[in-house]
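In the two assemblies presented below, chain A is common to both, partnered first by chain B and then by chain C.
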Partner chain A sequence: MEIKKFKTLEERKKSISLKVENKQADIDCHKESLAGAVSQRACVYSGARVVLNPITDAYHLVHGPIGCASYTWDIRGSLSSGEETYRNSFSTDLREKDIIFGGEEKLDAAISELVEKYQAKFIFVYATCVVGVIGDDIEAICRKAEEEYNITVIPVQAAGFAGNKMSGYKAAGQALLELMNKKEHESISEEIKENNNIKISRATPKINLLGDFNLAGEMWIIKDYLSKIGLEVNAGLTGDSNCQQIMKVPEADLNIVQCAGSMVFLAKRLKKKYGIPFMKISFVGIEDTVSSLYKIAEFFSDYKMQYDIARLVEEKYRGISQELDRCCKNLAGKKAAIYVGGGFKAISLIKQFKSLGMQTALVGTQTGNAEDYQTINELVDEGTVILDDANPNELEYFMREKEVDILAGGVKERPLAYKLGVAFCDHNHERKHPLLAFEGALNFAREVDQTINSPVWKYVRRELL
Partner chain B sequence: MSNTAVNIKGKKKEIQDRSSLVVNPAKTCQPIGAMYAALGINSCLPHSHGSQGCCSYHRMHLTRHFRDPIVASTSSFTEGASVFGGKSNLKTAAKNIFRIYDPEVIAVSTTCLSETIGDDMFSIISDIDIPEGKTIIYANTPSYIGSHITGFANMVKGMVNCLSEKKEDYVTSDINIIPGFVNPADMREIKRITKLMKVPYTLFPDTSGVVDSPMTGKYEMYPEGGVTVEELKNTGNAKATIALGSFASADGAYELEKKCDVIPYILKTPIGVQATDQYLMQLSKITGEDVPASLEIERGQVVDIMTDTHFHFHGKRVAIFGDPDIVISMTEFVLSLGMVPAYVLTGTPGKAFEKEVKSILETAGVEGKVKASADLLTLHEWIKDQPVDILIGNTYGKYIAKEEDLPLVRVGFPILDRSVHSYLPIVGYRGAIRLIEMISNALLDRQDRDTDLEDMELVM
Partner chain C sequence: MDKNIKNLNINPCKMCMPMGAALAMKGIENSIMFLHGSQGCSTYIRRHMATHFNEPVDIASSSLTETGTVYGGKDNLYKGLENTINLYQPEIIATATTCLAETIGEDIDGLLREYKLNYNKSVNIIPVTTPGYGGSQYEGYYLTLRKVLETLSFKTVKEGHINIITAGMTPGDIRRLKEIVESFSLDYIIFPDISETLDGTIVKDYKKIPKGGTSISDIKRMSGAIATIEFAKLVKADISPGKYLEEEYAVPLYNIAVPIGLENTDVLVNLLSEISGKEIPEKLRKAKGRMLDGMIDAHKYNAEGKAAVFGEPELVYSVSTLCLENGIKPTIIATGSEAKQLRKLLNNDLLSLNQDGLILDDIDFEEIRKLAVEGGTNILIGNSDGHFITERDGIPLVRIGFPIHDHIGAQRKVFIGYEGSIRFLEDITNTLLDRKHDSYRERMYQQYYK
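For the complex of A and B:
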């Protein structure tokens, strides 16, 4: 097995696995990163911020020294159909004396400035690392401000060291639940809570779309699909949403979860508290898009909806098939590597590469769980390398060993791929075009085709192992 | 897409004083500056002592600006570390790093977290088993003091502190040059003109070759460039230190004076004719070398171009923001072009900035608003109040530029939405030519856009 040749930390070896036919994936995951191992992961605050940031009318006030606020300023390419407040960066910019004497006073003053000077109505206050250590009581300050100004101020407990990005997703989920609490909702019967057998009495069922951040307008594409099959999106979390919409979340009949990593916690809580059932879906790639739509129709046991889906799929497919075929011809037999944040995206990407006639030879995630890795293991071909919490060295080694043609990943992986003479597809925040559903599938195919078949690689002497 | 700025719409001319709230910062935190400086040492792995988010953000931001792989490690603090201290994390990290990544140097910078819990870097590092021939240097870079520029300065100071040595009665003819927080291309240009002056030098840090490394089809964790540990040690025996930019470079130069008696000269970042002249004159004064004809020609070319274009610039109101050393020199430079720096602003704290820029403006007889420790909402409000013709600053200026329909010339750090900038200098005479081209093209493109076809002249 090639892995043996590879020089890595003893503790890391269990996080690297090789697909062997008919065998389960044997991989360590969901562990803290090793100090000094050069992880590509981020922190609790980043997890919370990426989830909440797309809420368009909220003032995201970062309580801490300036860095946390400045690195996450407009971090996602989330589009808005209304307010643009979320595109600003607000911070208490803690200085040395605040660290010594406590930052509560400054936070208090910053909130009052937001309210008095900019008429803020909804504020999220993020506690960062240093605030967690000096022990500012942000909950108390938020409560006090709510009473004083009669607005909504929600604390987000996001001290960076208290876990990883996943803990941040949870903190964001909690903040969203608190926001929903600000409104009284129709009580839901115990019966519904118990068996989840919700009866849909409405002519148009309402669903919430969880875990879509409206990058490059993706939420709008999905909303359009759902409306074409007779569903109304009650609220989208959190892409192109505002606080009023989020407060209405409990009024939906079903939650569909796109980014499972960030939203399953919330979906579970919504099920428990409001009796709203949820299902994981994915609109990444045609295969997942189609099966997700049918899964939703199945939930509502609605034949008309199934008919509408068939029509929609046919129409959408007709629109892209010719161009898609052209891309596939250019891509047949190429090899891909994947290194993304969550397991769900990795799984969809494997399928998507397969649909383009490509094979995935290396796949890793920052925060995938055991279940994700089992699914990944089932999907990939014999010999594929599977990595958890990888570092640039490992990525480099296995990309060269597998002689991949493209890497799909995020910001930090891009120049690594390029330096190796490998094409790259951004499947993260940086992208400027939608990659979801049929429209996105075509964009993806085009992007992969363009980068793999760029003339630039002719000028690169690619060094193989 | 109108109301990007905070409720500025409908409140067009109101400037709001704020005491506690920062909106749209014009700076970031110390450790990223330290990480950038550390990359300027050959075969060095920057290490962030704190939670892993910080390291991830710094790598992400530097990656976006330089479009090259930026690798750094982290102590990966957890709740345990933040209660009991980060000593064991750093020890484990150092062990892992030397075993797997095998750098010559680990350059540790602290974060707000490790500083607040009070990790004593000196004693922790003294307690680490460092392999033969390897080095760990460190800098205290709490995020709640200064800015990324302070962090850069502190890491340079750390290099001196941890490495510079003085041999008894031994002075080389070398000049130490601290280039400041500038792009690798600027560092290359500083080296080029210094070489033309026939002055032996040690430039530190030197990120050229590291964050603008060539494409070889291979991934090098430690590319060719950077100042070596040997060279850094030797800085203690140099004849003098020239610190370019007082905010990013002076501390290191003073530290070297304190430690090894090397005379410091604090100059401006050599942007524009005047500051470049001063740099060359200083070199000449220290070494006795004359300015060569080739540099005289370059200077003459800049002045020629300034004459050819002065009417494009004259009286144009400009807002400049960004890092203090760059902004100070840019202010002087645009004045030499006949422009009016109406607003000059930095996020980095420091009254010295305001004092220096005000004195430059006063000397030129120009009135302008100047502010340190400021944010971009302040700049936006100023511009709303009384507009300018052009903005000069980093990528974040685009929020204002878009909303106010202004041309933006991207200069400084970070530039996230354009490429190639890190390969082309803005310092020296060549840099001045480039800046003139950038600014005048921005103004002329704008004029072309705003002028009806029938009124447009073929020759400007």
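For the complex of A and C:
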């Protein structure tokens, strides 16, 4: 089977693959975006900012011209149970003369204002494109400010051009490690460090939840689940966390990694440095939620925990099954397209659509890796199109060709879907309702049902047909 | 100078120059915007525009990475242009620079000259210098339009039409503007015209570049107009497209305010009457009468209004004058862009009405919020970023301007002309009324029950 006559750029062809039974996915990924292709990706700075932003008591100081701070102000629907400092966007708002003479002095002054006027204790300083070029030594300025004011000032090397969003995730991971370094971690035993053998002596094991940003309270939902099965969340990264909590990250017994794209780098480093093992989990969809919980129980070899999970799952499922069934009835046989940031999310979404009786006909991601695409390839039906770093041209073509009923994606993709008469599910970081775990699975089913089965399409299709 | 403004911007009340360039180019037919810089800039601008207009917005990027940053972005620029032309087949491309391209010293004019010689000759490519640190979206918008004119216009014979250079207006506004101009039977060119491109319909054959916008042939005819009406009270002469047409082609220029409010609409209507030599049509007279009638209905409630007006300079000016002519006190008049002229112009208006208010430019939301709370402001008028203040301090927000990313329908709202202005004013009045009524029983009880 071949992709029908489709006009795309020659260099993009290797990034498009078609599922063929018993064949591995053949897809180019992890490449720089092709100039002029109108990629849906953002930049290094954006990757760093979205990961670090949810830290509630941090001052995010964007060193650069105004745009970067302007477009990322309060960008996520991350919730806080404490401070709300993170919801502001601070910038040195560099001007022409600063570019010519250097922006170090301005950054210095901006930090001192944050300390004097706002009693800032934790500041992240982001270097943007321009700063990467003019060479302001933000590391030195941060060190100097730390000494001068006895606070924590962490540089985030996030020049937009220095890679893609993935490099930004890494920069954020490095910044988080630096924050952890600010504290002595006596509680980590040498044995763990050396042998990487885990001995859990605590009555309540402590785990870190990496890659949850507490969108619409999702972190709170997961924390509740974990506490019901006898686990304590030591720190969440980075949803509803503060700097003190993050500094305690090395004291946990296990890291569970949800948003793999943004957090696997950090998880690996935490394993190496502090001996904390990690596992990838997902709370997107019921299937993944349940298997992730059992995976955690298996790690702790705890029968009581397995029993608690069974009880929790039964209780949660009972609460939503009737409504879920109703949605499934309305959705059976519909076709979905997925275009999201990370591979792990795409994988979970395919399963979730399947659980609703739907088939996925098109899957793409901005930053998926080869392993992700293999998994995707195994999960989808023959003929499904798989795309890496797609653009509006490709999304439009394949949505039409596959005659999909819905696209799950981010804000930029929404108007395109609507123009083509296709329903849409906002699976992005601005949403205001949880999409994780059982609660989120129901929300997801409802949203998909509400959009696919809205009466509006009846009228729209009259125009389109 | 206030130290706060100098070193630290907290919650920006402005965007960057390339954003303005993108907004301008969306109003030009069969065009696409190309940003020379790293990938993020185009993505962020697309995202912002998509949430406001609820339309697909495609902006290409040269996707500069380290190699291009170190050795120059020529390869990426050329390849990017080829790919964009291949995918979109545009008639015109504006190639705007970003902070990055400017800082590494890209000679965009020279590079594009060379490109035109060696590569694609059929597409009009307009170089625009828009470093993010060179100004805000405001400057980027006018500069881009001016560059388009400089590149495309040439001496044409005098024709009977007028040019209208729009700013800060919604697609709905522009459709209304056309109706007003047509009522004087005037032939006109609207530049840029986002009325169709950023407020599309549902059609069978979706186009990657939406239909509509000012055509190249019309842009080329602009130099032959009998007059230019430019909605740019505050713009500097060196980036004013209208000024260019005046200086280069002797097209008389009328720089007037965006026609929001009675007086600003009067100015436009009278001007159209004067240029066309036609009486003001009955329909417009009636609309004005109704607006006045509505202003009377609302005046006592408006008198209780203390407004903070913020956003892009031209809109801030027009909205402030609407407030002033209706007895709403503009306690804060603020823009994040640099606009010294705003102070000069509005000071006279404030003085003539014996009112006081703070006029501020190059300011951020932190300062606006502080001053609004201190000044007892009871209504905010501006883009939806102001909702941050509503959330924290409970001051209601009436939305106008860009971006409006937390409500829908921004592209269809009409603010201009007599009808648009009175509807907008009534939004403001009703917001004040809701605030008064909703707290009435509790307030009175607390105040007087002993």
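Note that in this section the second predicted complex is superposed on the first by the 449 of 465 C-alpha atoms of A that agree within 3 Å, B and C clash if a C-alpha of one lies under 4 Å from a C-alpha of the other, contacts with A are read in each partner's own complex, and residues count from 1 in each chain.
Simple rule for what comes next: contacts are C-beta pairs under 8 Å (C-beta built on N, C-alpha and C of every residue); 3 or more make two chains touch, one makes a residue touch a chain.
Given the structure is predicted, the values throughout are model-derived calculations rather than measurements.
In the three-chain model built by superposing on chain A, chain B clashes with chain C. In the superposition on chain A, contact of A:288 is made with neither chain B nor chain C.
In the superposition on chain A, A:83 contacts chain B only, with no contact to chain C. Touch criterion not met for A:426: it reaches neither chain B nor chain C. Shared-chain residue A:449: touches no atom of chain B or chain C.
When the two complexes are overlaid on their common chain A, residue A:302 makes contact with neither chain B nor chain C. When the two structures are aligned on the shared chain, A:460 is found in touch with chain B and with chain C. Once the two complexes are laid over each other on the shared chain, residue contacts for A:129 go to chain B and to chain C alike.
Within chain A, the residues touching chain B in one complex and chain C in the other are 8-9, 32-46, 61, 64-73, 87-96, 98-99, 106, 109-110, 113-114, 117, 129-130, 132-134, 160-164, 392-393, 396, 411-412, 414-416, 418-421, 460, 463. Residue ranges on chain A touching chain C, taken from their complex, read 8-9, 32-46, 61, 64-74, 87-96, 98-99, 106, 109-110, 113-114, 117, 128-130, 132-134, 160-164, 391-393, 396, 411-412, 414-416, 418-421, 460, 463-465.
Per the touch definition, chain A reaches chain B in the complex via residues 7-9, 32-46, 61, 64-73, 83-85, 87-96, 98-99, 106-107, 109-110, 113-114, 117-119, 129-130, 132-134, 160-164, 392-393, 396, 411-412, 414-416, 418-421, 459-463. Considering their complex, residues 1-7, 16, 18-25, 27-29, 31-32, 47, 50-54, 56-61, 63-64, 67-79, 81-82, 89-90, 92-97, 99-101, 111-113, 116-117, 142-145, 147, 213, 215-221, 347, 377, 396, 399 of chain B touch chain A.
Touching chain A in their complex are the following residues of chain C: 3-4, 6-12, 14-16, 18-19, 34, 37-48, 50-51, 53-66, 68-69, 76-77, 79-84, 86-87, 98-100, 102-104, 131-134, 136, 200, 202-204, 206, 208, 336, 366, 385, 388.
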